[in-house]
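Here subunit A shows up in two complexes: once beside subunit B, once beside subunit C.
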Partner chain A sequence: MKLAKNKLQQAFDLMAKEANLLVPMKIEGVTKFAPWGAEGELAMDAVNTLLPPKDALFPQTEKMYKYKTRLTQVESLEEIKETDKQIIFGIRSCDMHSIDCMDEVFLTRGYVDSFYSRKKENLTTVAIGCTKVLPTCFCDSMGLNPVAAPTADVQLNDLGDYYAVKAQTEKGEALVNLLKPLLEEGDGEAAALECTLKVNMDGVQKKLMNVKMFESDIWQETAQKCIGCGTCTYVCPTCYCFDIEGKECGNEGYKFRCWDSCMFSEYTRMAGGHNPRPSKKERVRNRFLHKLAYFEDRYGKGSLCVGCGRCVADCPVDLDITMFIDKVGALKEAGSND
Partner chain B sequence: MSDMQAKLRETAKKLLESGEVGYIIGWGKGRTNKTSPVFVKEPAKVDELVWNEYCLNTLAKYTMDNMYPEKKIGLCVRGCDSRAVNRLIQDNQLKRENVYLIGLPCEGKKDPVTGEMVKKCIECMHHNPLEADVMVGEPVQEKGYPDRFKDVEAMEALSADERYEFWAKQYDKCIRCYACRNVCPACNCRECYVDQYRVGWQGKQNNRAENQVYGLTRAYHIGDRCIECGECERVCPVGLPLMKLNRKLLKDANELFGEYEAGMNTEVKPPLGTYKLDDHEEYM
Partner chain C sequence: MTNHECTCGENPLVPQICNVIKITDETPDTKTFRVQTLDGKKPFDPMPGQLGMFSLIGVGEGMFSVTAKGEDYLDFAIKRCGMLTDALHEMSVGQQVGVRGAYGNTFPVEACKGKDMLFIGGGIGLAPVRSFIRYAFENREDYGKIDILYGARSAKDLVFKEDLYTNWPAMKDTKVHITVDCDDEELACHVGFVPAYLEELAFKPDNRMVVLCGPPIMIKFCLDSLTKMGFSNDQVITTLEMRMKCGIGKCGRCNIGSKYICLDGPVFTMAELEGLPQEF
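Coming up: the complex of A and B.
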């Protein structure tokens, strides 16, 4: 099936009736996935939005429970359940794969995060193949394809005046059905696209998992210029660390969780004051090992870096993960310093 | 420009070879046009240092990673970096004898993506280093920045409601990455109030109220010590116009305590860091 581009807004209106529709928007200069109808401009040509769509499933701040107390007794305790249907329209292959990675974390290995899982159940994803790449894009080096996101519910491909529309799951079929009045017969193959930035992950994960790497000089050298801000973690589509805190007023209150960053000193500080990651060396090491080694080790699903290039583009000091991958790749053996 | 780069490398090599400095903090090449801070220890590696139109980062704050160096730290300084050095010395975070300043007159830097002069450099009032132990290159013409408070005046002309609406929209964007704080040479507290989680000064929720509390508290805390390097605004991933806030406080300080620029030397104390019996009371 295909959707003429001049019917895009009609399609949005149709989807927005069924669910909270998130589309790429530019709002106050920031590109992100925002509700259709929000004040701002549609940004379909933002190859990569500045902010990833992860907050649709994992909001930066999310209320979890609310409670009331009476003296020392709990009067009521209620889980806050968000059950709104959501559609992310225009998600790219890199961000789509980031959702696959977060699914592993929040839904497998014996624990299902109910807040995430409810949102995931109610989410439909419409991926769109890229027609151009940014100088910082390297998703194909991380095993992805910029024009195809196999796990998305619907795959769109830009073919000039129209999008080729392909349902890939049951949810996707339902959505295509909804859009049927606007769709035309037809099909088309997307032109292949290659990233200009290439990294070679061959052997990198294995080297990093080698115990000798942990005390390598490479960490100090790499981390020296880090200023310890959270930009990389907050623009990253797969950084999922959070903190839980409470807010109380009188005899009622709520618990919330909010994004946290392993780049912050407070993140690992223990109750007694000890900090097992006392400096930026340990923090950068943890972040890069998590992205490039630990995730594959635990889940066997490749790297937690999806190659979106946001951290490369936005790091204030150009601490570039792709240059780090090259550096590790070039090491003669794990733990050596050249 | 390339002459200066060659001279910089030559100077760096001499300093490292003679043992005058332990290492040199300068700019190195990134993957694209971007440059990135580098730390050069060996004379054989001075070619890692670059000096071109994309050397954007301020470097002085990296001295705080090594407050008790065995040898002097060689630090490349433009006008903004030298003011940052003064800031750190005045705030007791750096000893002048611990750094060897390599001065580089600077005509302004460009955005590596757009190729245009960056805002902070258009607004620069001191292109030449205010202090250096050795100078690389000839001083450049100072242009001043007559429009220093123009943006602030435009904000002041708005009604309170309009101003609130403007800042509310801005702080709705803030993702609280703290890049502005971490890059700022005036943000040099050993422990930021934000990180004192047990006290709970700063809530962790990302919402308009908490974001504004963060933005305003930081602005006030650096109010009279901001050296106007504009790095906070440059690094902000969501583009908050932070210099409007910083310059509002500087404008007030100028009006209440007389003409003042922070970090011009180490003698003149920030107006709020000292007091005189005839100080204005309005600011209390």
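Coming up: the complex of A and C.
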């Protein structure tokens, strides 16, 4: 099936009746996924929005439960359940794969995170193939295809005046069915696309998992210019670490979780003062090892870096993960310093 | 207390409300809190070594080892060392708290069967070890000779005194060795650091497993001593601590390499720790 681009807004109106529809928008200079109807301009050609759409599943701040107390007693404690239907329209292959990665974290290994799983059940994803790449895009080096996101519910591909529309799951079929009045017969193949930035991950994960690598000088060298601002973790579509905090007013309050960053010293600082990752060297090391080695080791689903290039583009001191990958790739053996 | 609506059980991140039914002063900075669900049961059924997330609603939440379980209660021995634990120490009996768990792996109680056991604790490090000691006494026939070596800074810092001086020495084939760093109250016990006393006691490594918990510096020197005495790294079991928020392997911060201490730990053999990055 295909959808004429001049019917896009009608399609949005249809979808917005069924669910909270998130589309790429430019709002006060920032590109991000925002509810259709928000004040701002549609940014279908943003390639990568400045902010990834991870907050649809993993909000920056999310209430977990609310409670009422009376003196030393807890009068009530109630879990907060969000079950709104959501559609992400226009997600790119890199960000779609970041959801696959978060699924591994939140839905597997013994515990299902109910806050995440409820949102995932109610989410439909509409991916759109890229037609151009940014200078910082390298998703094809990380095993992805910029014009195809196999786990998205619906795949769109830009064919000029039309989008080719292909349902890839049951949820996707339901969505295509909803859009049927606007769709026309026909389809077409997306033109293949290659990223300009290239990295070679061959052997990198294995080298990094070698304990010798942990003590390498490379970490001090790499971390030297980091200023610990946390931008990389904020814009990263796969950074999922969170903090749990509470807010109380009088005799009632709520517990919430919010994004946290491994680049901050408090992240691992324990009561009593001990901090196993006291300086930026340990923190940068943990972040890069998590992205490029630990995640694969734990979940067996490839790297936790999806090659979106946001951290490369947005780091204020140009601490570039692709340069780091090249550097490790060039090491004669794990742990050597040349 | 009426009208309580607890959703625990469905969501591992939501605590169940419990009553504090007993508080024991162990030392000037350590108290044991006994907790029970509102309908008089134990909040969960942990195996030795497992953890529980303990919260004072409105203040905060922290991960602690479960030091003992009874028919209808759990005991947490908690040392005062931060904002949350300060507040916990201000509680009185009847206070309600949040509890969720059990988290983490367990001491290898099966693999240790048929062996002689050496339990070494330093300071509040006896809290996790105690869960295994109690298990061994409950299943006394499954284990050989039991030696318990415990050290604290001074006599007033010894935790679980009733166990150390009365209950445990009375058990079959069991010896309790107590030492304090400095002899400030003329207590009838050995004076000296744990590693030195360990070497003095000259335990034989044959068919023996060691459970070792305490401050990092004590663990380091005890390991040196144990190696000198002929123990291998797979005979020594310890527990690790990291900052934790979720307890279920999601929030990210308690990793050492690709292991999460809240899920894959806290119990590791020294041989296992050798294969991990030294970042704890």
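Everything below uses one rule, namely that the second predicted complex is superposed on the first by the 338 of 338 C-alpha atoms of A that agree within 3 Å, B and C clash if a C-alpha of one lies under 4 Å from a C-alpha of the other, contacts with A are read in each partner's own complex, and residues count from 1 in each chain.
Heads up, the rule we're going with is that contacts are C-beta pairs under 8 Å (C-beta built on N, C-alpha and C of every residue); 3 or more make two chains touch, one makes a residue touch a chain.
Just so you know, these numbers come straight off a predicted model, no measurement behind them.
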Superposed partners subunit B and subunit C on subunit A - clash or fit: fit
First (subunit B), second (subunit C), both or neither touched by A:N210: neither
Partner chain in contact with A:N177 - subunit B first, subunit C second, else both or neither: neither
Touched partner set for A:L50, first subunit B, second subunit C, both or neither: first
Cα-centre angle that subunit B and subunit C span when viewed from subunit A, reported as a multiple of 10 degrees: 90
Partner chain(s) touched by A:M270 [first = subunit B, second = subunit C, both, neither]: second
First (subunit B), second (subunit C), both or neither touched by A:D243: both
Touching partner for A:Q9 - first (subunit B), second (subunit C), both, neither: neither
If touched residues of subunit A are counted for subunit B and for subunit C, the larger one: C
Which of subunit B and subunit C A:N200 touches, first, second, both or neither: neither
Shortest CA-CA distance between subunit B and subunit C [superposed frame, angstrom]: 6
Subunit C-contacting residues of subunit A that also contact subunit B: 243, 260
Sites on subunit C touched by subunit A in the complex: 1, 3-7, 10-15, 17, 57-62, 81-85, 91-92, 94-96, 98, 241-243, 245-246, 248-253, 255-258, 263, 275-280
Residue ranges of subunit A touching subunit C (in the complex, touch as defined): 64-65, 67, 69, 72-79, 105-106, 109-111, 113-115, 211, 214, 240-244, 246, 248, 253, 257, 260, 262, 267-272, 276-277, 282, 286, 289-290, 293-295, 297-298
Contacting residues of subunit B [partner subunit A, same complex]: 30-32, 34-39, 57, 61-62, 65, 169-170, 172-173, 175-179, 181-183, 195, 197, 203-207, 231, 234-235, 237-239
For the subunit A and subunit B complex, residues of the former touching the latter: 27-30, 50-51, 60-61, 135, 197, 224-225, 227-231, 233-235, 243, 245, 247, 256, 258-261, 264-266, 312, 314, 316-320, 322-323
